[in-house]
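Each of the two complexes below includes chain A, the first together with chain B, the second together with chain C.
Our next item is the complex of A and B:
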């Protein structure tokens, strides 16, 4: 059992990071009823925006650029944590505008459009930032090893897991305690009723897509120092995110969180004792859960089923 | 009622048409026959990855091939014929490799195929190439099976393989760091075969495999495996992890401060996999076939040529993948010249057993193309992170610590496993 403890800890950490990735995804599916296959690309885009901001690439040899680079890495990193997701949100909202003609049509239209968008964003990344592997710098204070119960673990991973908890709690507060959150939740339940009550459904969708994209961008900034940054990093993200929302129940906040932790534990523990099964464990978990409960752990009947 | 009667006139007509066709189609195994003395360009199909796990290596590989082709064209082509090339992305996916090879041969009319980093992709391409008799140069994939059980008469393998690299590193590492080893193995053909070679050498020199962890391709988080390494406390970890996985892996080991202990052996390290990483990510000892700062004649000029041709490339200096792509293509074109023909059997014979001087290949030892396996037997270098690394010269990441002559690292198991098709079994193909 003692042997297992580091792997349980590792699995929990991994699960929290997966939850951060899946939250924006599940929010968009819940409200928009669109499976956003560009979610991974928005994840990558957020990280690339942060990369440019941290390295001052946008400011060139200007006086502002010199001043910017004279700031501490901590300051630039914090700025990137706000600006990267904000820019990803703008990209997400642009995507939502493109999606509008598909509303009310078969779900396949939205699916294909977001798939196309994923390809376009990936190509934009290749053109803008190149095809090579990039390193997203993180402040030294949150980097390096730390000793936990006799094991060396990544200080950054602890930071990332902690950050995920705060971000997840923030999203929960937003959804549960603010009027905007109430409208979003109502929209997820019955969007036509929300419209009938006088709320602008177009604005709601735009806001939700922007918010989901910002969460994807934020997850990107947090995850890529672990995963590495390359144009197709988004593909690595979409699959676990998709599995998590199906396991948790499409559109369910708590479902996504619980499923992410389960997936994290499955991957973490199998990775240590049966490495070849680490990726497969996610799918096995999906088969088991869906086999017993076709709508996922916390799933209710979704409009996708109509 | 419809009638299907064969008339005498119809039968004679069909026989005449059949005879005429057989003259053009050629007898039996000829897939295509072009006029021998033709000014038709020689078309090379570049089968490298532009996406997926080995996209970066694929790009480097391609740059090497194109430089060799451009040089040949500047000299007036080969046998007076211009060299043209076409590239289709093989996506680091074996099934795509097959489709690309089939299309390049049947629709793009490529007479030769060059390129691959992923051994599964290379194997898939080579099966198609053999079916048509088209010569295929596997530039950068290095599973021992490529020149072993999956060898083909039409395939030539240019990189050192997992066994060559393991032979260069294992004995020395046992003596220096101890007999208790753990293996981290990418879960596909190259990883498995490299690990197999390492295990055989460990058994030979008295080493012990404490555990082997299979790492699925595309793994982004290695913390589970690294925690397991900490639990097992091996003296040496032998990692056969490639492509983008390798980058993520190196970053995570460095982040945990595990680069110095245990000792890390990477059977092979491709330049695009580490280029741009911080120097503390370059822990351990690893194998390579070439380095841009080898103190040998011609190397500096070669680097200069690269920089003049690719001034805007992110990789500012050529690496081993570029080198293999360049050398393979150059030697293919030279072989066509020596054969005096673009006929596949003639070119195969010009390549088989061909000796290449150390000076010509910018390595420490003479190399040759093994006639029994079609693998290039060449110098294998062991390298580590440059202890004199400075921020002023960020490209100079490696320090070459040893070089092994081809004889010393010969993969004898590949030679036993390889059963080349006979010339007669290989379809004739005139490019």
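Our next item is the complex of A and C:
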């Protein structure tokens, strides 16, 4: 049992990170009824922006750049944690503007448009940051090994898991306890009524997309030191996110959370016994769950079925 | 927006003008391709992708079922072809038969899972299965050669009525691919204009109503999936011959997305010929834009986005509308004209 513990911990960490990615995804599906295949690309974009910011890539030679690089790595890291997601949010909002002509048509068009957008963003990343694998720096204070209950574990993974829990709790608070959250949830439930009550639906959609993209970017910055950063990381990451929301039920907060932990644990435990097949366990889980419950664990009937 | 029913699927003739144009253009390709600065291999590639796209459009355009994992069946065809050559016998017909059968079998299994779903759930499940095949091809190292794939697949000679033709040159292989492409066009044309094709279109327009009309809808959806997978398998077998290898990349989500992009940009949603146009447009974009800039995929992607936003009926739809306007016919329904008069 104790031998399995690191794998379970790995699985839980992975699950929490997956949840962070899937939450933005499920929010966008729930409110907009758009399967955003570019979600992974926004994830990558957030991480690449953070990379540039940490290394002072764009203003390296200026006076501002010299001052910036003289700051401690912790300060720059915290700044990147805010600025990276903000820039991803802007990209996400631009994508929402492109999506507008597809509203009211079959959900296929949103899916296709975001697939095209994923391709475009990936090419932009290749153009701007090169095609090679990059490494996102992490401050030494949250890096390195730590001794837990008799075995050595990565300190960063604890940080990543803790950060995800806080962020997920923050999203829950935002959705459940603020008026904005109430409007977003209402918009997902009955957009007609929300419009009739005088809320600007197009502004709401823009905000939701920006918020979802910011979550993706944040997840990117946190996850990439574990997964590695390369231009096509977006595709690698959108697939688990995708499986998770299908397993959990499209548009469901708790579904995404439960499914993400399930998938994380499945990958972690499979990894202990048959490392090469770890990723496959997600698909098996998908086929089992969807085979029994076509709408996923917590799914309800939605417009996406037409 | 126009739909498939606006561009009539049924012509008075079994063989009509675009088919003749296509046959002539194909048989002359080895002369005109080099003349406009292109190369022989491109012809093979285009013919293979056209077979794949025409088969895919039976599902995508005619039945309105959005498979996002169709690269898998192309890959399965390619692997089956290669494995047949390496483990059973060096035979063209055997290899292509194995490719079609293997892809059809995989399609039959997946089709049984997905055919009860519709809309986005259909697309999601096909992505899931596509990824399973891709992943398996990477991990079953002993069978598929892992990430390197199968290398050194021979190009078996064509044996016909006791005669043997070598297919080592690209021109010879092109003629084989072109022959299969024309056969695909005729078969597909027959199929979409048959009662079966009509039922598929009815399912696209309103699945519930088609069910109430007494059709066992899921069987038709399943059959469309299997048939399109078999054509993908044929394309895959030819692909393995052309490349003399088979590798997991063919099955990736990127590749599966590419076929959707080609068919949509060409206008597969509104026309039988849409997939053919889409494949031409893609390869022209790749070779012409690719000659000008390294980031041609960025521009192609942007063009695709613009197409989805503004003209989802694709190139075929635009040509159709332009043709109508040229002839002075109005887009408006007849009733409106009558009201004006």
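Operating definition for what follows: the second predicted complex is superposed on the first by the 304 of 306 C-alpha atoms of A that agree within 3 Å, B and C clash if a C-alpha of one lies under 4 Å from a C-alpha of the other, contacts with A are read in each partner's own complex, and residues count from 1 in each chain.
Operating definition for what follows: a contact is a pair of C-beta atoms (placed from the backbone, for glycine too) under 8 Å apart; a residue touches a chain by one contact, two chains touch by 3 or more.
A quick note: this is a predicted structure, and the numbers were derived from the prediction, not measured.
Participant: Looking at the superposed three-chain arrangement on chain A, would you call chain B and chain C a clash or a fit?
Facilitator: Clash: chain B and chain C overlap once superposed on chain A.
Participant: Between chain B (first) and chain C (second), which does A:154 come into contact with in this model arrangement: first, second, both, or neither?
Facilitator: First partner only.
Participant: Touching A:69 in the superposition: chain B (first), chain C (second), both, neither?
Facilitator: Neither chain B nor chain C is touched by A:69.
Participant: Looking at A:127 after the superposition, I want to know if it touches chain B, chain C, both of them or none. Which is it: first, second, both, neither?
Facilitator: In the superposition, A:127 contacts chain C only.
Participant: Return first, second, both or neither, reflecting whether A:165 touches chain B, chain C, both chains, or no partner chain.
Facilitator: neither
Participant: Please indicate which partner A:145 is in contact with in the superposed arrangement: first for chain B, second for chain C, both, or neither.
Facilitator: first
Participant: Classify the contacts of A:7 with the two partner chains as first (chain B alone), second (chain C alone), both, or neither.
Facilitator: After superposing on A, A:7 lies in contact with chain B but is clear of chain C.
Participant: Touch check for A:267: first (chain B), second (chain C), both, or neither?
Facilitator: So A:267 only meets chain B here.
Participant: Which of the two partners, first being chain B and second being chain C, lies in contact with A:228: first, second, both, or neither?
Facilitator: first
Participant: Who does A:196 touch here: chain B (first), chain C (second), both, or neither?
Facilitator: In the superposed model, A:196 contacts neither chain B nor chain C.
Participant: Superposing on chain A puts chain B and chain C in one frame; which of 43-51, 115-123 or 205-213 is the clashing stretch?
Facilitator: 115-123
Participant: Counting contacts the way the document defines them, which residues of chain A are shared by the two interfaces, the one with chain B and the one with chain C?
Facilitator: 276, 279-280
Participant: For chain A, which residues are in contact with chain C within the complex?
Facilitator: 35, 98, 101-102, 105-109, 111-113, 115-117, 119-120, 123-124, 126-127, 235, 239, 242-243, 246, 250, 276-277, 279-280, 283, 286-287, 290-291, 294-295, 304-306
Participant: Which chain B residues qualify as touching chain A in the complex?
Facilitator: 51-52, 55-56, 59, 187, 213-216, 218-221, 223-225, 227-228, 230-231, 244, 247-248, 251-252, 255-258, 272, 275-278, 314-315
Participant: Which residues, counting only chain A, touch chain B once they are in their complex?
Facilitator: 3, 6-7, 10, 13-14, 130-135, 143-145, 151-154, 156-157, 225-228, 230, 232, 236, 267-273, 275-276, 278-280
Participant: Quick one: in the complex, what on chain C touches chain A?
Facilitator: The touching residues are 66, 68, 113, 116-121, 123-125, 127-129, 131-132, 135-136, 139, 253-254, 257, 260-261, 264, 295, 297-298, 300-302, 304-305, 308-310, 312.
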